[in-house]
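The data blocks that follow each hold one structure.
Both complexes below contain subunit A, partnered by subunit B and then by subunit C.
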Partner chain A sequence: MSALPAAPSPARAAPGGALLGVARGLAARSLVNVTRRPSAVVPTIAMPLFFIVAFSGAFSSLTDIRGFPTDNPINWFMPWAIMQGAAFAGMGICFGVARDLEDGFYDRLLMAPTHRASLILGPMLAAVVRVLLPVVTVSAVGFLAGARLTDGPLGMVTLLVAAEGFALVAGLWGLGVVYRIREQKSSALIQVGIFVTMFLSVGQTPIDLQEGWLPHVARLNPLTYVIDMARAGFVGPITWADVWPGLVAIGVGLVVLGAWALTGFRRLVR
Partner chain B sequence: MTIPVEAVGLVRRFGDIVAVAGVDLRVEPGEVFAFLGPNGAGKSTTVRMLTTLLAPSAGTARVAGYDVVTEAAQVRRAIGVALQDAAIDPLMTGRELLRLQAVLYGLPRARAEARSAELLERVGLTAAAGRRVGKYSGGMRRRLDLALSLLHEPEVLFLDEPTTGLDPTSRLNLWDELRTLNLEHGTTVFLTTQYLEEADQLAARIAIIDGGRIVREGEPNRLKAEVGAPTLRIEVRDAQADVARTVLARFGAERPDRAGVLAIGLDGGAAEMTSVVRALDEASVVIEHMELNAPSLDDVFAEATGRRLEGADGDAAAGPGATPGEPAA
Partner chain C sequence: MAVAAPAAGQARAGRERQIHLPAQALALAGRSVRSTARQPEMWLPSMIFPLLIAAVNNSAMAKAVLLPGFPPVDSVLQFLLPATVVQGVMFGAVSGGSDLALDIENGFFERLIASPVARPAILVGRLAGGAVLGACQAVIFVVIFRVFGAHVVGGPPAVLVLMAMAVMVTLMVGGITAAVGIRTGSQESVDAAFPLIFILLFMSSAFFPAELMDGWFRWMAEHNPLSWMIDAARRLVLFGFDWSDAAVAVVVPGLISVLTIALAVRQMRKRLERAR
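Right after this comes the complex of A and B.
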């Protein structure tokens, strides 16, 4: 067997899609498809709304417990519900990628002369936009139901940053899984990973009020610090100490799960 | 001049399974080259390696002058691909898909719009361009897929079973489109198919792949001529099959065929038909059906592999203008 000699470059060749241009194009496709398959976005809004209504009512007495950071159950559960919406937004784009892989559309993307990073960046951009859905709708319902910012508009900024960060991290986790399994059945594993992480955090109960092994796990769970950041503007004055651990947790999550997604992506064309 | 497709010793393994077992290929510029074989022969796996979707386990390949492994990005710039299952998002409209394709290939917006309009017109989808692809027929999807693969004016076009599942009219239309593309634009076409007639009608050269290996390669007419004698097929009652086989053996070597059919290469050609009928009659064999066909690509395949191409009959029936066989010369 002999290697083939190099040949001169062809007369015709497409320039190839630019990183940001392709990412924007893929994000736009994802978002347009959301409007055409509304069922795909229902969990992003419906589940958080259900949570905020059900939990704020059923667990309203929680805030009477001594040491609870707020006496307003809506203030406690609204950021948590928005974080759930963010998780669905991040996971939702992965389900779309799984569908593309399963029906062959992803081959079209892989065969295009694009910057490979754009195929990951595109879905991430879509997730960033999709997060706005739960942030806007759940906040609107929450404020109508009695949620109050305790440190002014900055509380919405920290909540938005936390939600966006979590959506991206959840999306990268999901992409890593999808790239490895390449089928829509990967959605079960993605959701298990996300929801176990969420419920082993301070989502429902402050860490000081948790008992047994739960607080130890919650302290090790990076999501705890992201949720703390999300709630910072709803449970008191915002301090840097409320925010920086969350930012670090998001940063570490992006790096680690970004590598997880990237290594999964590379397996696609082996 | 750059060789559009060239492969040496191309191998792809999936665990213990060897899907492609050392394929050597060379496609000339401006040629329509057909890669013919049954399901599972290794056609699609070879195409996936040539289009950079799969890395070869061994061997080398260059497409449009670039190595498919080390220069994959350049290969992707130069090729257009329409894969077997037209991978088209059913939620998007035809026009939106063309726009996305233009973004993926980095085409300037104005050029992309003009080219899209031209291609939509060419494949007869201008009126349907604003409709979601989920509402398209199979033929419309294939034509849109073809338009998508041509948007950036590729040097080499890969079509993986482009007419599988299409009705005869849609298949004819697509063939016409491919001929025009090749003749008027000089695009090199690498076509995989399991349809004998498709390869025969479209390709200047074919390669027959079976079990991951190329078993025959060349111009269709030359390959058929190499088979030599026309194929005589007869059908008799089961109880008389052995007697008929013994009689037929005097006139030529047995050829594989579908169950219930006895086939030989009739060494003496059409002139010997009378003798065959007489011999069978003398042996009291009742002939239920008899036909003499000039060598076909199916005969080429049968000679190379010892069996008929899977679905060959279905192919003949499905193909537009298909006939049971060409008349013997």
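Right after this comes the complex of A and C.
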């Protein structure tokens, strides 16, 4: 991966130009915007809550199928709903960047004496914090509705790691798109990419119970392994075999989509 | 006399507008269909997403057909056909309401009001355009599902009912989105209403039999009018044509569309009053 384009030389010497400091500032701004725009929070919290209710309600009998890994529909669908919330958290920060690009604020950021890596790092930090919204709210509702950890608190750790990883990957995908299209209408393409990937995985049923073309696609879909990791603590004892493919998938996603975002950023500042 | 003349002129203009209402509605419906057809981004999602979801569910829930209580089906696709039709036309109907809001945003609505067009034609034209597209969509879904092995046991009469149901659902959803669009004049507000409609669809028996649901969710699904019409249409697809099922599939969305269109008309009257 090549280095980011250098900012004007005074930037590096500027007191406010410290990479992490600026990134933290941008992340804070992104999070403040969330509180100012309730419409930005709704998809991150309301949609996963709706999905956990709708899926575990409508498809509750799926867990009666022989071979289903759990007999508790909430256990199956709660991690799935949280992963959707994580996707919205990651995509949400990209919508904010698209808004900044459209209204000219981003141009001012590019002119500012800051390290340009902070312009990517800032939104990513915001995504990391924003994921906590669906994790906390959907987990609370899920546990009240009957979700149970099958291997103790470690199940929440694997779920959190999966959600954070997916939010970062979704955010990098979204940033790459936004840097190329530079308009808010890029949100449609970002969402299509994420949701098609989510549907072509193990959201509703495990691979072993799928038939036809889907299981072949789901096996090739890295998100399948991340979702498996998210569910590991809700369908039985957690084993390393449940976790490492998810970690590898997140790592590969971060590298590949990080390159996608960086090349988009380079085009933007060229 | 000097005072009565303008009144008589207005009355004559009003009568002429009523006489020309069908032609005007037809022209505006044609405009609506053409404008949608020219923008694939308007109708492609309403074709692709329901098909994608059906394809995924067909694979993901293939073993669900073995559950006791699941209706006898050749494949999950056959079970999902009516739900996919409803889902697709709902997507399209929302974009109809969104277009009406866009007409308001970009000033076309004001120009229509200023022109000698019968007021109902503005609404009827927009809704009728969406309804035509909805019927076409139903036929396309039936053909695609047939290619993948999901046949309609009720034959051509059942397909006609699916088309009629699609038209009614388009009017039903188009009425409510038009009401929101006219009331707010904002395309964004109409688009924001879409998740609510999506929630109603999910809380029905569209994607899974209500008999296999539990608790309050089952109660919700069983009392959701969308379930009534989808279940009736599903019986036509799975078991064969039956007049009572055909009537339920068309009359339920038809009655609701009367209410939603009345709401849209009311909002239009209010907007026209505000414009005076």
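Criterion: the second predicted complex is superposed on the first by the 254 of 270 C-alpha atoms of A that agree within 3 Å, B and C clash if a C-alpha of one lies under 4 Å from a C-alpha of the other, contacts with A are read in each partner's own complex, and residues count from 1 in each chain.
We adopt the following convention: contacts are C-beta pairs under 8 Å (C-beta built on N, C-alpha and C of every residue); 3 or more make two chains touch, one makes a residue touch a chain.
Computed from a predicted model, the values in this text were never measured in an experiment.
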Partner chain(s) touched by A:170 [first = subunit B, second = subunit C, both, neither]: neither
Contacts of A:214 with subunit B and subunit C, given as first, second, both or neither: second
Which of subunit B and subunit C A:131 touches, first, second, both or neither: neither
First (subunit B), second (subunit C), both or neither touched by A:29: first
Touching partner for A:107 - first (subunit B), second (subunit C), both, neither: first
Subunit B versus subunit C as contact partner of A:162, first or second or both or neither: neither
Overlap of the subunit B and subunit C footprints on subunit A, listed as residue numbers: none
Subunit C partner contacts - residues on subunit A that touch it in the complex: 39, 47, 50, 53-54, 57-62, 64-65, 196, 199-200, 203-205, 209-215
For the subunit C and subunit A complex, residues of the former touching the latter: 52-53, 55-64, 66-67, 69, 192, 195, 199, 202-203, 207-208, 212-215, 217-218, 220-221
Contact set on subunit B toward subunit A in their complex: 2-3, 6-9, 51-55, 58-62, 64-67, 73-74, 76-79, 81, 83, 85, 87-89, 91-92, 96, 99-101, 103-107, 132, 148, 152-155
Subunit B-facing residues of subunit A, complex: 1-4, 6-18, 21-22, 24-26, 29, 32-33, 36-37, 100, 103-114, 269-270
